[in-house]
Amino acid sequence: MSDAPKPPPKAPAPVAYKAPELRPETLPERAFVPELLRGLAVSTSHFLRNLLFSRDPSPDVLHRRGPNLVSTVQYPEEVAPYPPGYRGMHRLVPRPDGNPRCVACYMCATICPAQCIYIEAGEYPQDPIEKFPRRFEIDELRCIVCGLCVEACPKDAIRMDTGTHCKPTYDRPTIVYGIDRLLKGPAVSHRTDVWFKREGSDPPADGHGHPIPPLPGEGKS
Amino acid sequence: MPNERMDVEALREDPLEAELPRRNMVINLGPSHPAMHGTVRTHIELDGETIVKADPEIGFLHRGFEKSCENVTWTQCLPYTDRLNYVSAILNNVGFTLAVEKLCGIDVPERAKYIRVIGGEIHRICDHLTMVGAMALELGGFTAFLYAIEARELLWDRVAEQTGARLTTTYTRIGGIERDLPDGFLGRLADTLTRVAELREEIDRLLTRNRIFLDRTRGTGVISAEDAVDYGFTGPCLRACGVPYDVRKAHPYLVYDRFDFAIPVGERGDNFDRYAMRMEEMRQSEKILRQAMEQIPSGPVILDDWRYVMPPKPEVYGSIEGLIAHFKIVMEGVQVPKGEVYAYTEAANGELGWYVVSDGGGRPYKLHVRSPGLPILSGLPHMIVGSMLADLIPTFDSINMIGGEVEQ
Amino acid sequence: MARLFRMLLLGVLIVLGLCAWAWLGYLAVNWLGGVTLGWGWGATLGQAVAAIVFIQLLFVMIVATLLTLAERKWSAAMQDRIGPNRARLPGLGRFSLGGIPHVLADALKMISKEDFLPSQSNRVLYHLAPVLNFAPIFCLFAIVPMGPPVPIRHGFAVLVATLQIANPDVGLLYVFAIASLAVYGVSLAGWASGNKLALLGGVRASSQMIAYEVALGLGLVGMMMTAGTLRLDQMVQTQSQGLFGLSWLPAWGIFVQPLGFLLFFAAAFAETKRTPFDLPEGESEIIGYFVEYSGMKFGMFMIAEFVEIVTLAAIVTAVFLGGWHLSPAIDGGLASFAAVLVRWRFGFAEPTGVLLTLAVMQTAIFAVKVLVLCWLQLAIRWTFPRFRYDQIQYLGWRILLPLGLANVFATGVCLLLDPSLSLLGAVGLAEIGVGIAALLWSGAKSTQPAPAPAHVGSH
Amino acid sequence: MAKAVLDALVAKFPDAVRDPYTFRGDEAAFVERAAIVEVGGFLKHDPAMDMKLLLSVTAVDYLGQAPRFEVVYHLTSLTHHHRVRLRVKVPEEAAELPSVSGIWRTANWWERHVWDLYGLRFAGHPDLRRLYMPEAWQGHPLRKDYPLRGRQPQTPERDIPDLIRGPGPQPRSFDQVFPGRAPRR
Amino acid sequence: MPDQPAPPKPPPPQAPAPQPGAAPALVNLVIDGRPVQAKPGTNLIEAANLVGIDIPFYCYHRRLSIAANCRMCLVEVSNAPKLVPACQTPVSEGLKVTTNSPKVMDSHRSVEELLLYNHPVDCAICDQAGECKLQDYYMQYDHRPYRPAQAKLLRHKRKEIGPLVVLDQERCILCTRCVRFMREVAQAPQLGVFGRGNREYIDIFPGQPLDNKYAGNTIDICPVGALLSRDNRFKARAFFLSETPSICAGCARGCNTFLDHYDGVAYRYRPRENDAVNQAWMCDDGRLTYHRLVDDRQTRALAGRVGSGQPRPVDEVVAAAAEKLRPLAGQTGLAVLVSPQLSVEDLLAVALLAREGLSATTIYEGGFADGDQDDLLLRADKNPNRLGLRWVAAAFGLELRPFDAFLEAVDEGQVKALFAAGTEVPKEPSFVAGVLGTLELIVTQAQSFGPLVGVSDFCLPAAPHSECDGSFVNFQGRVQRFQRAYPPREEAQPHWRLAEGFLKSLGFAHRWPTARDLFRELSPRVPDLASFDWDELGPGGRPAPGLAARPAAADARPPGYRERVVTPPWQVKAARTDRPAAQDGGDGAPRAAEPPRDPPPGVGR
């Protein structure tokens, strides 16, 4: 896509309604056999191609090449790649020091239509962030993977970029994910994060205008 | 009911000539039945195998869509709309957001309109493939079903690329769409469409001229144009009766007036015509998609008005203004002006109408869905009474009832 | 390409396996027949026992069992899938053996499932129905000759060893008589379940059986007239000659009686109750006569279906596809090859040995034909939609029955005019030619996908 | 385009149709309760109106306002492509209005929908049953004063505890939620 | 009792008469084209409110002096060339006021931008988010992006300036409401404004914490998140909380409050305006009494003494306890202890139980011990309903004796058994428990755990006033209704329902579906209650559309974000059918039920 916005294309003249042609009954159709054989030919050709030729093991079904048409993905051995941006299982994004970025603002719990997020806030005594999630639990059975929590997070603290989905279990309580299981993935920092602004205390250490070099992983939300 | 009487008098007079006592057989198709999509119970009275009376009973899948929506913010309604017609979620998303935007009086950016059309038409093809495949499956043609499902899978892969989810997309937002198309998406979509077209033509070869299929679908489930309109049919089911009504043509929305496409119209209003409508509409949708892929402009995909749209993430992370707007939208929802509108789009099965009432707050005061499936389902008894039990199946398939949408 | 090679190798292996099976079968028939002959009981009993073991248990049941897997694997191949390949045998590591362990898994599942008894059912009939369904179908194969008779000398007596359980004079009448018994099982299953949908299935099965018995018989009448007998081995013998005196064109039933073949195949297909004739089952309308069955009782219905497939394929092979013959020329070639083999093995062409070797090869040919027909039935089952109840009656009574009568009449006329099959063969080949022409024509015309209307349904 | 419809309606039924207005391109008018059948028949059969397609019938519960309910009809014409919305005020005390299912057959189910969810009765409806809810359901769920929580008395359900919060103070059984007010069957 | 015909319903109380010497000449003016009549001296904000026009403001407060320093309320008036602050400008005859002209809107926007200029990016960690005026007005008037110019100023964050209050100077917009409150209302000027220009800030004086008894009100009146409560800091987001009108049970004043709760848990009290009782304030001690509603709750019925109590079904325990009490009825050995923490309805039922069920003639008064008192709100009596207890006891012919008399009687061995409704005692509870350990039978109805629960033979879970409807009588003799905020916890039940259970087990036929029915049946016996209409404050539903109900809180905020508990229609029906017809004079029942009708056709299909 070029940056310059293209002018909106010219609208062609509206097309009148038109009906598809319906053809009358033909003898081959009435005679059963020819059309049945033609149908049989379709499935037979698939059969022979799939029987005699080997399958391209490319996990992307669309791009499998060759006469074999099998589109099965043999799951545990072949994993169909999730496209980038696919809404997978949640993760809590860590800060560089390993704690979650989350400040327990409850935005995700508020917007969650399934009310599957449970948060209990705690207070850091010294940290400029002040607030952290003492408990952050997601009931993955309730989660409907709508992605609104990611959109609602004002701290880039929850993402759905793990590319996996929730593992099945045999009992319900184990499917409630706490911080210990949710906190994973690379740490992320933004230049506006609080810990950049309050290195010292009194003399102002920041502002939005001051350029702070971007850190690895920044700005890829 | 003449069939139910026991003609005792005649029996006494002449036991051989008297009509034997008989009763109609009453059976329940559903709520759990292989051919009842969703969970619908059809209460059927049979005389032999001829249907004497039919009474569809719904509600097994009723999830209180309207009540749920009245108690969440406008944004939170979106995941609920996915689950109306879960086969073509984007069409529902688009319809809902168009309704809210109409009430807000805002217009979305050009590129967002095109992307909405692209997503919607992909899902329209998915929906039609589902219907065609299900019809083949329930008539016994398993292979055609799996070709349809294979094609649908390929399209859903593209939907997953586009929206981040295969089925429940939650893709649109008030004022635009959630994310721009990924890099190289249009190329892959073109490849997919080619492959889908191949599979579609194979289904065509397997079914369309097959005598068994023709026998099963021609002349069954017939409804006349007058009756169809009277029953509130819209979409392919109405067009199969010969009424050329399509919201995309009659009241063009988004950018549908810029595309060259035709509206297939049937003649008889039977199951075969409804099937043929779907097959033809898939071709037309592919045509629309290819045009949209050529015409799509660049630019923003969502409005820049913080009253309706969450601010861009850097603003949220770094400025109090962005953060406040973000918080207000999340906490209280988009403040939609007071008023009421009815917005309508052409969904896969007909006119999808949204009657939205706002009291000026962050939650809908009333959100009514005019699901295209409900009137069509209400016309089902009219179409099948007098035909055979086996005809119920293709008829039920050809109206493509989606439980989530009908029962809300 | 590697897969192509593997598949060809597999085919060769199957043929070799069939040869080995036939060889063992003949030896057993010969040995047991000899034993009973020696005891003065006549050879029939011993031959029958050996044939039952080798045909019914080692061929029909194994093929039917493998067909349960093949149905899934072959349909998967038609539908761009892979099919079941996950079950493993312990100790074999990751080798899936093409999914064959699924057969064992299925059996295990069937046996260990709950044996469910609906509260509204008729207990006795409910338990009896699967047996009533399975037993007649299992008996059907008794009259099918799988290989040529081989005269073997036992002392002073000559034992004609053949892979056939019984060879009554009534021949095909046995097929009609026993096949129509199977429907009792189906109807009773539908009725005894105490389920309305199952009852509908049972009723549908009975009426369908009545409609198609007629076409079934009429389809074969032409062939009976052609062969002049009811006995299957003689029918096979009839087809071994060349048509018009040509050694490469065999006088198979399908060439002299193409219409009869179609009629019989369609009617017999209807008897198997598989798509497009699966109305008694109709899993998307009424769930079928066995809707209330579970576990091994359901398994018996299912295996009966597959046994029926094999039986149908075998009868069609024997009656219409020349049995174990290919064509006079190839038969001659095979005989020479057998002689070469025997000479290489024994140093001289011992006549019995040559005949036995030829019989082994021809039995394998018969079995391969059966397998191909099984595949055809599966392909049809997975491709076509299902008929409707009235349409199937329409097809049976108003299309197949008149066609069958016409066929009988035409066959009679031809045989009257020319008792050597030449005229009949000419007519038959003409019919086939017309069919192919129509197919090509329709293929040319149907490039347009637009549909054509059919006749409006009968209501 | 549809303004003409409103004008014609007001001209034809000066007493029954009032306050026509256009908002965001939607034409709408208020119709007197008793006249809805007459107005509907006119709209359907008059060739200049030709509103053969009744899109939906629904209701709104304006709890706290004087006529509490409002039944809303959406109509369109397949020939003229104009649309109109009819709003009928229904007071709570007499929650009943004439059925239009004699004019459009599709109204049959839509009116059952309204009866089920709002409890408005339609006089002359051939088969006024609940559409979604079981017949024994108590209350009409889309009314604004219908509670979001609580269980219907005739559906004893297994308690499904909230996994995170536990059973805790959440309502569990009817008696616990509303002690002493055990509902009667 | 129910057989007697009910006495005629007392006439409803007269609406409070207008000020004597009423009808002063009203001033006519026009605000946004709408004519307004207001009393002279009314400022423009109040006048605009009369016709439903909201003028934004930060520093203005109806009960404080006017500072006019936030400049948010600037409006255009016809008699001044410049914009004037609406809070400071009184109405005048013929004045034309414009509150929505582009000039005014631009002013709002500029002020908002200025206030946000140095505001930290803190909504995520600020407890005020959701009830913050900065947020409200930003979305209403500005909703435009940040224009970066230079770094934000940094000041003290999270400074704990008192036992209850934490200050964040960065968030402060210097409206000085808190300073004015401490000076004018609390009469303890512990807060001040320091610095100059954009380095100005609010702070306490060195070494002098903000420890006044009324300091908590500064949290309520702070329009932004600068002053926040340490007590429920980070406990719950404001936008989750639902509010229910309630009464503070901390002292005999009975301050009107909102109880903020979510998911069945109370999180805080906020004062509710009532000129006659508490204006718009409440004390810090009362503010913290919500903990009693949450902590250490006794929610299961126990049978068995000294910690060995096993949870049993409530009905079973009531029946068992009643069996033990039955032979003691009418004997002097049975003492009845009643706590003035109970509501009037509870007291009525307990008094009926004591008088008729247990044939007692004396009851002992429990309740918390007296404490501090001051001139503003605090009362020495720390129980909300002592006057109600006295009224009810007198009306039922029960002699009310103090708790000391009870202890004396126990010491003298006159008491063999005890029935206690409410376990609050004015002495050290463990001491009392030790004294009572000698009794043969102790039956208690307790809302929270304590030593008395430990020595009970039967202990029943009682619901506090947040979990049931009822009323308190404050020291002025004012009967005040409170509403149920959420369902009772686990198996807890109101005292009156437990008493009803006892009465039932003892052979009485009283049955009250709701507290309202109880009040209507029993209150005619109490002359002091005759003039109180129980339905005066009925349960509310969702506000009608378009009429955004502004709660009369100390600070404006939208109503709760989560659902309220509404009486389901089938229950209302049950309640209606239960009510005796003779008393069905009022129409105060919630109008929710559809009138009973025949089943629709086709039901019995």
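Note that the chains take the letters A, B, C, D and E in the order they are written out, and that residue 1 is the start of every chain.
Basically, contacts are C-beta pairs under 8 Å (C-beta built on N, C-alpha and C of every residue); 3 or more make two chains touch, one makes a residue touch a chain.
Quick caveat: nothing in here was measured; it's all calculated off a predicted structure.
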item	value
Shortest contact path, chain C to chain E, counted in steps	2
Number of steps on the shortest touching-chain route linking chain A and chain C	1
More contacts between chains, A-E or A-B	A-B
Chain at maximum distance from chain B, centres defined as averaged CA atoms	E
Distance-maximising chain from chain A - centres being C-alpha averages	C
Nearest-to-centre chain - CA centroid comparison	B
Whole-Å gap separating chain C and chain D, where each centre is the average of the chain's CA atoms	63
Intercentroid distance (Cα basis), chain E paired with chain B, Å	50
Chain B-chain D separation of Cα centroids, rounded to whole Å	23
Intercentroid distance (Cα basis), chain D paired with chain A, Å	39
Chain C, residues touching no fewer than two other chains	78-81, 382-384, 446, 450-455
Of all residues in chain D, the ones touching two or more other chains	130, 146, 148, 165
For chain B, residues contacting two or more additional chains	71, 143, 150, 205-207, 209-212, 214, 276, 317-319, 323, 326-327, 331, 357, 365
Chain B-touching residues of chain D, taken from the complex the two chains share	23-26, 52-56, 58, 60-61, 72, 74, 78, 81, 83, 85, 104-106, 108-110, 113, 117, 130-134, 141-142, 146, 148
Contacting residues of chain B [partner chain D, same complex]	58-59, 62, 64, 66-67, 71, 102-103, 105, 227, 229-232, 234, 243, 245, 250-251, 339-342, 344, 351, 353, 355, 357, 365-366, 368, 370, 374-375, 377-379, 407-408
In the complex with chain C, residue positions of chain B that touch it	25, 27, 33-35, 49-50, 136-143, 146-147, 150, 201, 204-216, 218-220, 268, 272, 276, 279, 386-393
Residues on chain A engaged by chain E in the complex (per definition of touch)	103-107, 110, 121-123, 128-131, 154-155, 192, 197-198, 201-202, 204-210
Chain A-facing residues of chain C, complex	1-4, 7, 74, 76-82, 262, 379-380, 382-384, 435, 438-439, 441-443, 445-446, 448, 450-455
